[in-house]
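Shared chain: chain A. Partners: chain B in the first complex, chain C in the second.
Our next item is the complex of A and B:
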């Protein structure tokens, strides 16, 4: 066996292991969600009796449907705001020289490093005082604080790649700085924005710590928090089937999101702008 | 259309570097003026200040009689072509050209008419629906020009627009630019580091060095009456030959032999008060094969030199030879050598080039009798580079 083929087969084995480890739990959850409640514990990978009763069950309760609406709403709003604010901030960081720029970048990164759990109890008290507890903005704001640094960092890297002459050209063509940004720079940074949007959306969608701590009713409880409140048909029954079904349902939007934007996350969109 | 006036314009960067120092330049209405100089001489900064992309530290900039120092680029009504074209990659050629008009809220039919007209002028019509990524370098360059002309601006600014093209295309585009400017009659300021481009294109040329405009004049003026050593060495290809010389009792002692200076030259040099040491400049074409000089041979100086290299271009021949003895030294000459990349080439300074008629019998490696007319000499002060007889 030559070194090249050995290397290749080692890589193949490594990759397979990683993929199996990642995908088996997902498939297992999917399998559980289709099992009849009586066969949940039968320890077979393929359900012996396929049923949709778990799905019917979760969609019958307002606990889950309402949480789904909250999740989608909160995540989309937070993502939108994060990308808009993040791109403006990133643009300024990439293009302007101003005093305290290094400090600003450092601080935003520091915020991203901060463990969320340490903020939860102060926020809990603060939000109750301000009337933000158990509201959509009450979740959107902390999501923004944690996703913005990430967004700013990713986006400023993209903006730095865009030739500055394009902006100069737009200005000479009669654009205001804002028009130059929205009509020339932003479209070119679209792959970066989409990447950021996906990352932020997944972060908001998956968050459990803030969701469980800063909500108390259906008014703003998101799916990850709501799942924790699932109960079985009786107190002797664990809601494994419902949890599995809910888990599968909340995975779907992420998959759609990624598939939908995947084609836009392509490099080389700026080719042809300048010579080279 | 409008004239552009730079009135004691200075650009100082925050770190203290002065990129443009007290520049005065008047570009007449409809005139084609070239800013030329080695890289880093401040010519692009000048252009950016006219465009409004750089602030002016001191002085006044007037376009069409209006002071525009504080105006944003969009309010100056000028168009600019960038060295790297700066086309918007997400727009088609048509959208690229229409962008400025769209921003100005011109109505659709008018935009289409103007874009089509500009496209026809630049032969871009078949490419209108392509994206810049699918265009060749020359086509991109034309789109960049098209984007400038559709707007019918007060002035065009061009920042080395041809420097990214290959040599053949560059010559072609040069005539296109020339023709365009004649047709449109728009004021144009054009930046280049290529003196050939400057000489062939401009109505007038401004030569810059380290942020200072050295001389402004027609190409012929710059060539025949360079105000200083820098302009003399920068303009002309192959460059002017420089030799050290000494003035003694009206005699000019040169490495080629002694020359008697004409009376009027002698008085001018004396008036300029330059010391005995001077730098002599001779254009390559002012050397002649002594065998081909008929009458008046006595008026000039004949000398013999061994030809190192002979380049035959068909229309002319370039004969290169070396001189024994010291070489002319001056700060300006070192700068020019550095710009030409010749600073590291040993002996480059002492090399003399003569442009000879093809009838010459010159042979590589053989000695050749050369002749020159002392009236064609340029004399420079080695201390400050000033021309001594203008």
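Our next item is the complex of A and C:
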């Protein structure tokens, strides 16, 4: 073997190990979800008897379907708001000169490092008094707060790549700074905004701490929290199949993002890291 | 800049000021042109909503948590609510449960971040240098990054459950790692590493791009080995990115909640401080003690951040932004 081919095969082995390690736990939960209830404890990695009964089971209960609606709705609304507010702030950071910018960036950084659990007890009590406990806004608000730092960093990194001159040209042509923002910069910024939206959506979709603390019923419980309340057909049966099936369902959007937006997600995570 | 043209009606809040007064105002604050002022206002206006949301939902509740932590406030006996000063802090800090949880949390954070750093660096190098299959690796590692932590935690839990799991079967029969303290802690660390190494790797990959290729080539020509190039060129140049990655991951690991909640629910002394806080709030329904733990976690996180930023000279992310 020449050195080149040897190097190539070494890289190939390294790559394969990484890919296998990354994928196996996901395959395992998928395999569990397709196992027949009678074979679920057979410990084989692949199902011996394939079935869809676990999926049928979870889609038959409002516990899961309602939680899925909550998850999708809450994550989408929080993502939308976060990208809108984040874009405004990021535009100001990247393009405008104004006093207090350093303070804003410092605040954003502090929030990014903030331990979510520290908010759980005060928010639990406040939300009960304000009637926000176990409602969609009750989750959307903390998601918005904690996704804004991520959004602002990623977006301002993208916004700084946009050529200044176009905005100036628009303003010379008579556009106000606001028009320059909506008509010229926003379309150029769209790729960065899509990337940010994906990252923020993943963040909201993933949350468990708030979802389990600030909800108590189907009214607003998201899937990660609802899974924890699944119960088996009898007390002696753990609902492994249902949990696995629900887990697979909420993993599907993530897999779609990863396959179609892989470059963007990497670009988003790395750009924010170096410059922001 | 714009704005120097015809003044827009209602623009500056100087509506009542007659034109002849304006030069006086100008003299009072000479360097600010109309355009600069419009820019300022727009800047504040654009940032205001984000700032309000971020501050209102964090600063106020933290203040409220401090207030609650000074009270005896048991939700089962709301009538017995009473200001008790630092009594809750004495209770928590004088209790072995807190220190056990604190020790476990620190152990998990330090061990998982250390291993993640080593693995993440390897992954970053693979993603930058691999001759084949870079795209496949990038796609694959985004799966653990993106997957819902709770789902991954269930996958690990069932994998290590005797009779059910493919991993538990590899162990000597009769062992159930999740039912013993240290084996369970290591399963938790494994789950944590699997989930967050990709994030570390991507941050380090961003840092790697700061290392100029010519410098590495020059060193190679001068006879530096791969290891020397890595330790004497790559690492020092990446130091800022490394410190930021370590800071963020350490703080994140210190907040660990999801994995432990699913894997052990804190049984057999595997509680992290976050789990302890949750248990006191929702199992014991003690808002006073729960808030005290919240405040203590907040202080611990602040201390860790302070050590990184002052002790290691981590550039706070955003400083670059401020300079531009």
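Note that the second predicted complex is superposed on the first by the 244 of 276 C-alpha atoms of A that agree within 3 Å, B and C clash if a C-alpha of one lies under 4 Å from a C-alpha of the other, contacts with A are read in each partner's own complex, and residues count from 1 in each chain.
The rule is simple: contacts are C-beta pairs under 8 Å (C-beta built on N, C-alpha and C of every residue); 3 or more make two chains touch, one makes a residue touch a chain.
None of the values given here were measured: they were computed from a predicted structure.
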{"item": "Which superposed partner A:72 touches (first chain B, second chain C, both, neither)", "value": "neither"}
{"item": "First, second, both or neither for A:149, with chain B first and chain C second", "value": "second"}
{"item": "Which partner reaches more residues of chain A (counting touched residues only), chain B or chain C", "value": "C"}
{"item": "First (chain B), second (chain C), both or neither touched by A:45", "value": "second"}
{"item": "Partner chain in contact with A:176 - chain B first, chain C second, else both or neither", "value": "both"}
{"item": "First (chain B), second (chain C), both or neither touched by A:166", "value": "first"}
{"item": "Chain B/chain C common contact set on chain A", "value": "171, 175-176, 269-271, 273-276"}
{"item": "Contact set on chain B toward chain A in their complex", "value": "51-53, 72-74, 78-80, 82-90, 99-100, 103-104, 131-135, 137, 140, 147, 151, 164"}
{"item": "Chain A - residues contacting chain B, complex", "value": "163, 165-166, 168-176, 179, 183-184, 187-188, 269-276"}
{"item": "List of chain C residues in touch with chain A within their complex", "value": "1-3, 36, 38-40, 42-44, 46-47, 49-51, 53-55, 57-58, 61-62, 64-65, 68, 123, 126, 129-133, 135-152, 154-156, 158-159, 163-166, 168-169, 194, 198-199, 202-203, 205-207, 209-210, 241, 244-245, 247-248, 251, 254-255, 257-258, 261-262, 273-274, 277-278, 281-282, 287, 290-291, 293-295, 297-298, 301, 305, 316-322, 324"}
{"item": "Touching residues on chain A, where the partner in the complex is chain C", "value": "7-8, 11-12, 14-15, 18-19, 21-23, 25-26, 28-29, 32, 40-41, 43-45, 85-86, 88-89, 91-94, 96-102, 104-109, 111-126, 141-142, 144-145, 148-149, 152-153, 156, 160, 171, 175-178, 202, 205-206, 208-209, 212-213, 223-224, 227-228, 240, 243-244, 247-248, 250-251, 254-255, 257-259, 262, 265-266, 269-271, 273-276"}
